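Encoded as structure tokens, the structure appears first; notes follow it.
Chain naming follows the written order as A, B, C and D, and within any one chain the residues start at number 1.
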Amino acid sequence: MAEYKTEPLKCWNKAKELRLKYYKDYQEAHKKGGIRWTGGAWALDAVPAGLGRDVYNITGEPYGASIAFDKKFSLECMEATEAKGWARDLCSYMRNYWGSMYLNKFAFGGEYPEPDFCYQDHICCSHAKWYQHVAEYKKTPYFCVDVSVGPYNELDENRLMFVVNQLHEAIEWMEKTTGRKYQDELLIEAVENECRSTSTWAEICCLNMAKPAPLDEKTMYSLYVHGTLAKHKKEVADFYEELRDEVKYRVENNIAALPNEKCRLMSDTQPPWGFLKVFRYLEKYGAISIGSLYTFGLIGIWETKPDGAWGPRTTPMQKGEKITNRDQALRILADWNLSKPEWQHFYDPDLKTEMMLQIVKQWKLDGVMLHLNRGCEGLTCGIMENRLGIAKTGTPIMTFEGNMGDEREFDEKQVMTRIDSFMETLGLQMMTV
Amino acid sequence: MFKQFFEWYEKRHDYARDWIAKNNSDVVGCFCSYVPEEIIYAAGLLPVRLLGSHEPQDVTEPHIFGMFCPFCRDVLAQGLKGRCDYMKGITIAQSCLHLRQSFTSWENHVPVDYAYYLPMPSKVQTRHARPYLKGEYERYIKSLEEWTGKRISNEALRESAELHNENRRLMHEVYDLRKDPNPSVTGSEAMVMVVSSFLVDKKDHNAELKRILPELKSRTLDRETGSRLMIVGSENDDTKFIKMVESVGATIICDDHCTGTRYFWNETKFENGDILQDLADRYIDRPACPSKDWEERTRFPHILQMAKDFNIDGVIIIQQKFCDPHENDIPILSEYLKENGFPTLFLEFDVTVPLGPMRVRVEAFLEMLSEEELF
Amino acid sequence: MSRLKGIKMTEEKKEFWRWKEYNWHDEAKDWKGVETITAGVDVGSVSSQVVIMLDGELYAYSNMRTGSDSPDSARKAMSWALEDTGMTLDDIHYIVGTGYGRVNVPFSNRAITEIACHARGGNMMYGSTVRTILDMGGQDCKAIRCDERGKVSNFLMNDKCAAGTGRGMEVFADLLAVSIEDVGEQSLDVEEEPPPVSSTCVVFAKSEATSLLREGWSKKKVLAAYCSAMAHRVVTLLERVGVEKDFAITGGIAKNIGVIKRLEKELNLTSLKSNYDTQIAGALGAALFGKTLIEKQRMKAK
Amino acid sequence: MITAGIDMGAKFIKVLLLKDGEIMAKAQEMAGFEPVEAAEKAFSKALSESRLSKEDVNAIFATGAGRKAAPFAQDSITEVGAAARGVTHSHPSVRTIIEVGAEEGRAVKCNEQGKVEDFAINEKCAAGAGSFTEAMSRALEVPLDEFGRISLTSSKSIPMNAQCAVFAESEVVSLVHAKTPKADIARAVHDAIASRIVSMVRRVGINNDVALIGGVSYNPGFVDSLNRGLETTVIIPENAEYTGALGAAIVAAERNKND
């Protein structure tokens, strides 16, 4: 029996439209004489925005995930990529993306839309190589920014400037490549939008501290995605503010995502996109995943508040800082992105463990589920140390093996049995409804 | 003739302990060949590259997820098993995510006084990488000085750089002998020579190289050279495998490994009037690890040139299981080599290599290369 | 199958996974006074074959299980091939060993890998137009590209995982108590093609099959699901070397019509048929190499 | 109170009857392709052994891979939970439980009440599991029971390189060709499996006492290798193979008390 009332999100459809519009805009950009570029969701996408208002991008990770939803097409893509001799254990987003490129099929209908240039930043062993290959296969120009300057808490001027200098270099390169004049005011606008949308997303995540949780992670996936598509766009920043207000309303009126919320969990790394039913299965036990460092900290930008709590990072605008020139904009953009929570564990798992334990405390969690994601080398980096660190505090924790984009590596029966065992250790029994 | 090198390779830990006693200083374990050894050596410390031991182990599963490369797990196992208990310091220069985990887990679970993460730039192809890396070296030197309590003078850095250059020059001389139709050096000898060079004091290594070089030049091996192979890939010090290959009618003539030529191929040029910038340039300009080889692919022409210079018949491409950086190069690389007339054989390596299955593949490859003999 | 005439079966207790053992020789031929008698000995992980040729023509062969001692298996297979021929080991001028036990063939003059031998043997069995050969052995699966003389130009073998090997099929036959020779036929006897089993891992497929049977699937349906999974697995390997016509299949798997039909469907390509016994391809190639090698030796001698 | 536990394993179905914490009867049947029938058979076997009728049994709980399909059962618990309860029932000092089945290896960390605190299950690839030994003993042409015993007579450790059961088979054969004594090979095989199991156990930590259950607990060779790997001596509860059924029966009793 339901303890809490629930209702669907009002802005759900808007979220869907926004997402489809994004892919459509990219597909049709050339009709309007616009520019198309492709790169990663981590790329500092505010930079190309300076080329004009008709610049559209497609980011590889969410695109690879969209493909993963369509199991049949995903398998085609994987096999097209393997047939070219690529290893089966490479990034599964990348293999989906390459497959769709080789097959010349766009996941949203029609042919794979040729990019005008590739623009990326390098975070894991594959990110730079991903578009190196797209560029050589599609014969398009390519620029990649190296952001691997160490964890944010050890940032110094030399490290920051390495990134900023590359961004300046990127702008010169883009002007040469596209023959367009770069407009700093558009860059400044984009940087402000990015700060606004990513800080607002963190605000939304904070609202999920409420019991019952207004959002479940499965829903959050469809919402945070906009930040991975075009966090620098006004429409995304505006949408997140609208969403924040609705979630506030849900909290004030005790509207729950899961009417029988008994147990609050968090996951880790990207989920197996073809098997989100894992989360539905949890609900049968009255267990809800309220998010993860991944859903909170991939797009959300955070900071530790004076009281030691974790909260949305204060934007330059909120500080009353006025961005007036290119260099200042790039410095802010670089600094902002380098503080991304999901970026810190690439240097040291302890930084991630700390943040995860912070979430456990602040969001009042009963347990943690780590997805040992064979599809993503980057986000599973150090994950076993995270497991040790969290288990040490006595927090119940389980792991399940899978793959965000390659369903062949997900053993549904095995995972569900494992969840049963975990639920049992949490003292939960399946609702017999 | 290479006895000494084999001994250093086999008894690396004993050597390190003796060195510590003799010099009453410390050893710094280096993850990855991008660590600027010259700086560590200039601090009066002995830089030693960390490798695995090629034996099955059961200690790393709690620390590193199974999808990461066997090498990074084998390396960590050495620490967890206490094989390097004499090692007070460790340093990693940023390259792949896999080895990074061995470093962080080592820092957390193996007692050390000093651990330093050096964010070696990934994009070595941008001009901005040079001043940036110099800055990182300054930062590294400061932290080393704090740890040891000793200043590192530019003079010491220059001497160290020259000593390392000499070592590189001497090993080049040995490699040049392998260009001969009947090389006086086998692949396994060359491998152990290079590997031992980052396990021992360069002074000792140089002395030994100078001792053997004259004899080496007049040495003739009573074995058939057979097919001349090049071996390309990630870390590789699997001497068992190399011996097997050289026992079935082939000789390994040259390599592109970070435990081989990538480690010593280029020298520090003293042209900036600034030793730190000179060192930074050396590591920026060295033959790239695939994880740093973008946007342009500079590895391929380099490897091709080497294959031509050493008059190679075929190339064995080996890969540590799950090694993403190399997996991101291999299909294009083997295509590229084939187009340029060099057949390739791809082999996947694990901590331990089952020689049986490997042998069939290698022999079949050699039969493929061998002239019409069978027809 | 004309060449299989006159096969003698050995009596043994029923073990479904085991291939039948047999030998054959051409009564019509007389080996005495033949200039070049060569033999190929293929000691595989599961079965061993010996082929004896007279001036490069097939004269006799045998197919037996490999015991845990391969020199012994080689001897047994040889003496069985020689059975009733009046020929002795000493009458054979040159013997080539192949297969994974190739270095343990006591009486061989030379060892050559099964990759080269299957290409050479396939070239004779299927003609010089063969460019791509698939061989599925007990523990590995090879995709071989070759030229008009049967010389290997490129090859690929399955890596660390044994899924999709002949052994897997045998484990399966055993589990379902269907003799290995019938697996193919039965797997085709289904109204509609079931989805392939998700795991071709020898161990996991077993448990998956068990649960399917418990769900009430018929044996045939389960076999179909496994055969198509295996066919698919093999196709992905083939695609990596690139399949060029003509295409032929050697080894025991070639006798599994269930895998072949599905494989051909996926590749949409038909494989050449041969009236030779596909399991002797390796030994046949070895014997042919033997002929070339001894002739070259004689040339040198002159 | 009398309760029953039914363990619907992949290979065997086991039934155990419990009266106030005392084991009354146990029975097992091959699961075959009709596990439900097998379970019914085992159940009535156990009943007749203890001269009881089904009505005398107050509660029936199931466990094991096929637990959802178990006949008569009111409810079920997972293998992990059942193992912990079953073992600690007779050995409260146990903190780590290792279970090695035909296709899966499991490690469970529990407290003295048998509450599961952490667990690990081997990920894909069955090299660490029981079926591995079967394959090996076939390759060696040594019967399974003897296989375990002979390995005890060896003191030599040979590292096994192949991880896959099928490849290991060929490695074993090549060891045979190298005239390696069968005893040494048997030990090599057991060491290989044991080391896979040990590395999994390390994930939950090796906390004494350590108990081993599951079919392989009857294989002295494996047990010896495991002890060496764990650097401790594992406890093997009697009727180790009934541990799951016992755990289910215990929980059944408890839940019945409560309501």
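FYI, contacts are C-beta pairs under 8 Å (C-beta built on N, C-alpha and C of every residue); 3 or more make two chains touch, one makes a residue touch a chain.
All values derive from a computational prediction rather than experimental measurement.
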{"item": "Among all chain pairs, the one with the most C-beta contacts", "value": "A-B"}
{"item": "Remotest chain, chain D as reference, centres from CA atoms", "value": "B"}
{"item": "Separation of mean Cα positions, chain C and chain A [Å, integer]", "value": "51"}
{"item": "Centre-of-Cα separation between chain D and chain A, whole angstrom", "value": "42"}
{"item": "Gap in Å, rounded to a whole number, between the CA centres of chain B and chain A", "value": "36"}
{"item": "Multi-chain contact sites of chain A, meaning residues that touch two or more partners", "value": "85, 372, 384, 387"}
{"item": "Residue numbers of chain D (touch at least two other chains)", "value": "123-124, 162-163, 167, 170, 203"}
{"item": "Where chain B touches two or more other chains, by residue", "value": "61-62, 350, 356-357"}
{"item": "Topology of the chain contact graph, where touching chains are joined (line, ring, star, complete, other)", "value": "complete"}
{"item": "Residue ranges of chain A in contact with chain C within the complex", "value": "79, 82-83, 85, 408"}
{"item": "Complex interface listing, chain C residues touching chain B", "value": "100, 112-116, 120, 140, 149, 151-155, 157, 159-160, 289, 292-293"}
{"item": "Touch list for chain C against partner chain A, complex", "value": "198, 236, 239-240"}
{"item": "Touching residues on chain C, where the partner in the complex is chain D", "value": "45, 67-71, 100-101, 104, 138-139, 160-162, 165, 167-168, 201-204, 206-207, 210, 213-214"}
{"item": "Chain B to chain C touching residues, read off their complex", "value": "321, 343, 348, 350, 356-357, 360-361, 363-364, 367-368, 374-375"}
